[in-house]
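Given below, in the form of structure tokens, are the structures.
One chain, chain A, appears in both complexes that follow, with chain B as partner in the first and chain C in the second.
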Partner chain A sequence: MGKLHQMIERNSIVLVLMITIVASIGGIIEIAPLFTIQNTVEKVEGMRVYTPLELAGRDIYVREGCYACHSQMIRKLKTDVDRYGHYSLAAESMYDRPFQWGSKRTGPDLARIGGRRSDEWHVRHLKEPRKVVKGSLMPGYAFLADTDIDPQRIALSIKALQWAGDPYTDEMVKEAAKDAIRQASPDMDDAESIKERYGEKVQIRDFDGNPARVTEMDAMVAYLQMLGTLVDTKALRAAVKAQRQAAESKPAGKAKEVAAR
Partner chain B sequence: MSVKRRDQVSGQLTTGHEWDGIEELDTPIPKPFVWGYLIAFLVALIMWIALPSWPLPSSMKWPYITSYWQGLLGSDAERVERRLAELAAQQKAFDDKINKADLAELVNDPKARKLLMPAGAVLYREHCAMCHGPDAKGQPGFPNLVDDQWLWDGEVEGIYTTIKYGINSSHEETQSAEMPGFLKDESLTKDQVRDVVEYVRSISGQEHFPEAAKRGAVVFEEDGACSGCHGEGGAGGLGVGAPNLTDKHWIYGGDRDSLYRSIAEGRKGVMPHWVDLLREAEIRQLALYIKWLGTPEKQVAKVSSVSIPTTAK
Partner chain C sequence: MEKNSCRAECAISLLPVLAVAALGGVFTLVGKEPILVFHGAIMALSGALAALYLFRKMLAPPAEIPLEYNDKIIRAAVIMILIWGIIGFGVGDIVAWQLAYPNLNFDLPWTNFGRLRPVHTTAVILGFGGNALLATSFYVVQRTSRARLAGQVTPWLVFWGYNLFVFLGVTGYLFGVTQSREYAEPEWYADLLALLVWIGYFWIFLATLARRAERHIYVANWYFLGFIIAFAMLHIVNNLSVPISLEYAKSYSLFTGVQDAMTQWWYGHNAVGFFLTAAFLGMLYYFLPKAANRPIYSYRLSIIGFWGLVFTYMWAGSHHLHYTALPDWVQVLGMSMSLILLVPSWASVFNGFFTLNGAWHKLRYDPALRFMTLAVLFYAIATFEGVFMALKPVNALSHYTDWTVGHVHAGALGWVAFITIGSLYKLVPWVWHREGTYSRRLEAWHFWLALSGAVIYVGAMWNAGITQSLMWQTYDANGQFVYSFMDSVDMLHPYYVARAIGGLLYLVGFMIGAYNIWLTINPPTPAEIPSTPETRPLPASGVVAQPAAQPAE
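Coming up: the complex of A and B.
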């Protein structure tokens, strides 16, 4: 044992100081970058916070452990992009707490599942997966269709997220409980008002085929149908391509900077 | 305490600590572990430089740190875009041939059929089989694609349009059709709905109550105006998304419960639009594939002027 080591080990104050220094190096390297995450995540047009109904769906997704078998991250690999669409962007999970990237696919990736199946398919598949897809390993979630959502609880979640820094406006928080119902009730007079708060792209319809109730199935399908649809990836890809082509004619140093963006 | 001595059994030095006669060996960490630790450390450092890793200050104004170290290896995003561009370049010749060819001619070309069927099957399995079934025979709620019944235009161009823009989809050019809920919107009474159920069962050759069916026939042709979409006598074939009710093919089921639900609450099946998700040539291949699936090979005419390069893929 070295002399220095022996000195440190025998002098408790020095030992405590050294431990503090070593531990904080690890801490700084791991934690410090997170403080800049608001500035360094590249913004993408189209991203918005979850509507109350979608958030309820997301909470169910987490509650039921869907992430254990489904990833929500299309990797930057040719095979992934070819099959699932544009690779996932960091900004696309900026309102996910926690993110649902996942590291294992027993079922397919769901990052861009929105719009690829009909609501009815989703409802039936969630109720009895093997009736729709032969040989599927997925468990059934029929009880979602029998369980009403709790709008007050969702409103509290929205409030908590606003407190945590998500850009929910005060109006969104105030209307959250009603918005959760509105999004699944197209027949309501003020159903369309949800678009004023969350944008024109919000899908308003009776997702679970049972107009009498707003169930967890409504929430789940609303969430699934919205996944990956917020960012116009076609326009994004075209924009990046144009940028790159413009950069090629400029000096090399500049080109690298633009392409990296 | 603190006098190091060599342990006689193991031959190692002790730490010099002693508690009630118990001493501690001062065995050094095995060399491989030390090296492993140092190498891991080095790898981490190299990765740190090679990959995007650390926020960087980029301006003198708040919030100062808005950029990050891009890494020496370049971005994966760029790499995958390049590979996709290469792939597209490889496919271009093939795609162009398909995009330029006339679908109606291609569908009668046995050579094209032989060549394109496997590709269509792969596309079908990935994108369509979930709803329409691996054998394309459909399932409750999702139409059979290999029978001779078409809700919409069943020619290859019609199938192409349906795949491209969908049915009741969120695309502007979608084809739209809806079976209204006649009980829901109070245009028929419960009894009338039951009568129509019996009538539909009668025209589709199923067991039924003749008297109720007779009353249902009147509702079908007059009060409910069902024949407006389903054709006179429910024979369908108008290409507006309303099925033929006189055959044995059912989308939602021909039993009393399913029929009652269809008439009372309505139906509105959705087919997503694929124009944003698939390449033009892929949509065309799918349309051909589905048309060919429902057409026995010998019915395909032998003559055709269109040829597809067999090497391009």
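Coming up: the complex of A and C.
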């Protein structure tokens, strides 16, 4: 070791090359396969790209640093599943740039918050969290209700996401700015047309209780209300159960494999 | 004496400088968000000033290169350490109080916890820590190579460019400009600036090593080099993103979901491994032996420690993603490699402690050495704890709780900041040519305040985290949860108050330290010592400049 290392530490270029090689190995072996191994992200029904309004909400979530206190990742642990619902699938964050799994739960997990509370609850809670939940540590975000969304920026975002590889159609890109308004304005004649682009399950309504404007509060609530609702986890659980039962008769090793999927 | 003009270096530097100025100019003209216009104006102005500076240097007649070490750059970085330290610890304590008393959020956009928290992490890690690394690496590479720092203008461009990067990051968060990637929050334009800066830093380091009068590259420099190279790789890959336009600051990551998570925590863990660990080990490997006036205990341990660290850290990132949707094989691999990581980590711990053999008595009267020794102890604790937390069953308990925060600050307050402060108390008198710091008593005050602050902070968070975790997992006989989520939040309050008080002690200690350093620099009774041999490289045949810092074998 002595001789070899003497050589390395007398030559800065050799040292640099050695460091570069030795430090690259781990990342290459752990990250590169994630892009090529097919089953890293499972195929599930229901996943779709974010609508422009939801995306605007997500951007606000990132902007305000909600991820600093809330995770969006229900781990494959009994305690997590019992408290927050079906564990999070890889597919459920397949359109998340960047991912929002978080690393600290100062507040509860939000991966399946969609549909659990009413819009009114969310609006009141975002405005004055400590009035709605006694003892909460959450800051208030009343200012969201006073700020209009910026449709032009949202359109640019959708375009960038399409460029990055998310399956937004050209029509979605073209309609993005208008779709952002439509989703929070059920009274508009062509509001329902979003469903042609994003599917029947898209929620179209005035989220913030102020029909006169489309605010950041609309966007935020629209985002929260769709979180974790795209994949039908009830059906998924039933399917896994059925598979497991079917596999019961097969050798034990196989059964385990199926259950793990 | 050599004469030199700055033709080539200045001309090459002009390109990145003008690029930054141009990008800033574009933002100023087309930007639709006030913060982007502001950032653009700052970038354009800084770029223009830097370009002017370069032109003046280019046109000036060839100047003599002074024989002295370049210590001016180190002095500048020292000042920035103090400024970012006070900002970073101060904001850290503000967010700590916000968690104890949420009314302190004031429910305004720019004062809420979510926006302030990254201000804290960036100011302490990149601001305080980054400038500490600039200062010490520039000091160490010159002394151990017995050569003046390479570059006439590049060190200054690196210094100002780097601090501009941190400034853009921190001010951006207040207005909601963030990528939300922990420890890599600054948006794409700041990241580009950082990349340019890093290329300059790398060049300075290599060019200085190329001039060295010593045959061997001293071990501290291996660590600094490892840090510079690894961080460049991490920074480039993790920040790949698609900007939405030049009118808005926003960008979207090039990766999604699982792949994005793995990339980010490959970055995140190695920000810990190379920024907060390897580089500060470089500091340790120079300043500890110098302060103790003892040679490094074992050359062999340093080699094992170094290569083990460089190889293994890069595998361990997935322990941040246990039980998530990340494929199992990556989790298990990350866990296993984290276990192995204990070996190179503790190799440095042993090397540090055994180096102190024969110098333990100095701890009694030298608070700076005490800071460094405690830093090694905290490093030992944090790495042991980290390995423990990387085990999947333990992580099932610790993840998402304040236990993680406790672990972070055992490393941050106890290791990163202690080794920096200890080194600063040695470095400042050396580069300002003083006999010692203004006051050892103030040093001792700083030490005890910092130590009690760190112990209170970490102790409170360990208790808080473990209690929280147990409350989340307790079922009654019917299989129902005993505690609601809010029960676990209510329980935290006293611990959060204690943590905030610990943080306050730490902050006050640091301010006393800054005052002490300020008076060391500007003594009430001036007593400048004339240029000592340490301020300039000795002729190659001369006495070895750093006997104590040479490997023992």
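Here is the rule we use: the second predicted complex is superposed on the first by the 228 of 261 C-alpha atoms of A that agree within 3 Å, B and C clash if a C-alpha of one lies under 4 Å from a C-alpha of the other, contacts with A are read in each partner's own complex, and residues count from 1 in each chain.
One rule holds in what follows: a residue touches a chain if its C-beta (ideal position, glycine included) is under 8 Å from a C-beta of that chain, and two chains touch if they have at least 3 such contacts.
Since the structure is predicted, the reported quantities are computational estimates derived from the model, not experimental observations.
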item: Combined model on chain A: chain C and chain B, fit or clash; value: clash
item: Chain B versus chain C as contact partner of A:V81, first or second or both or neither; value: first
item: Which of chain B and chain C A:K234 touches, first, second, both or neither; value: first
item: Touching partner for A:T106 - first (chain B), second (chain C), both, neither; value: second
item: First (chain B), second (chain C), both or neither touched by A:D59; value: second
item: Touching partner for A:G115 - first (chain B), second (chain C), both, neither; value: first
item: Partner chain in contact with A:M138 - chain B first, chain C second, else both or neither; value: second
item: Which superposed partner A:R124 touches (first chain B, second chain C, both, neither); value: first
item: Chain B versus chain C as contact partner of A:T36, first or second or both or neither; value: first
item: Contacts of A:K159 with chain B and chain C, given as first, second, both or neither; value: second
item: Chain A residues touched - chain C or chain B, whichever exceeds; value: C
item: Chain C region in steric overlap with chain B, selected from 56-64, 326-334 or 398-406; value: 326-334
item: Those residues of chain A which chain B touches in one complex and chain C touches in the other; value: 1, 39-40, 76-77, 82-83, 87, 133-134
item: Complex interface listing, chain A residues touching chain B; value: 1, 32-33, 36, 38-40, 76-78, 81-83, 85, 87, 115-121, 124-125, 131-134, 203, 234, 237, 240-241, 259-260
item: Of all residues in chain C, those that touch chain A in their complex; value: 32, 98-99, 102-103, 105, 107-109, 112-115, 117-118, 173, 176-182, 206, 209-210, 215-217, 222, 225-226, 229-230, 233, 237, 241-245, 247-248, 250-264, 266, 300, 303, 307, 310-318, 320-327, 330, 333-334, 337, 396, 399-402, 404-405, 472-473, 481, 485-486, 489-490
item: Residues of chain A that touch chain C when the two form their complex; value: 1, 5-6, 9-10, 12, 15-16, 19-20, 22-27, 29-31, 34-35, 37, 39-41, 59, 62-69, 71, 73, 75-77, 79-80, 82-83, 87-108, 130, 133-143, 153, 156-157, 159-161, 163-164, 166
item: Parts of chain B lying in touch with chain A, wherever the complex brings them together; value: 15, 26, 54-55, 63, 65-68, 70, 74-81, 83-84, 87, 126-127, 130-131, 134, 139, 141-142, 169-170, 269-273, 276-277
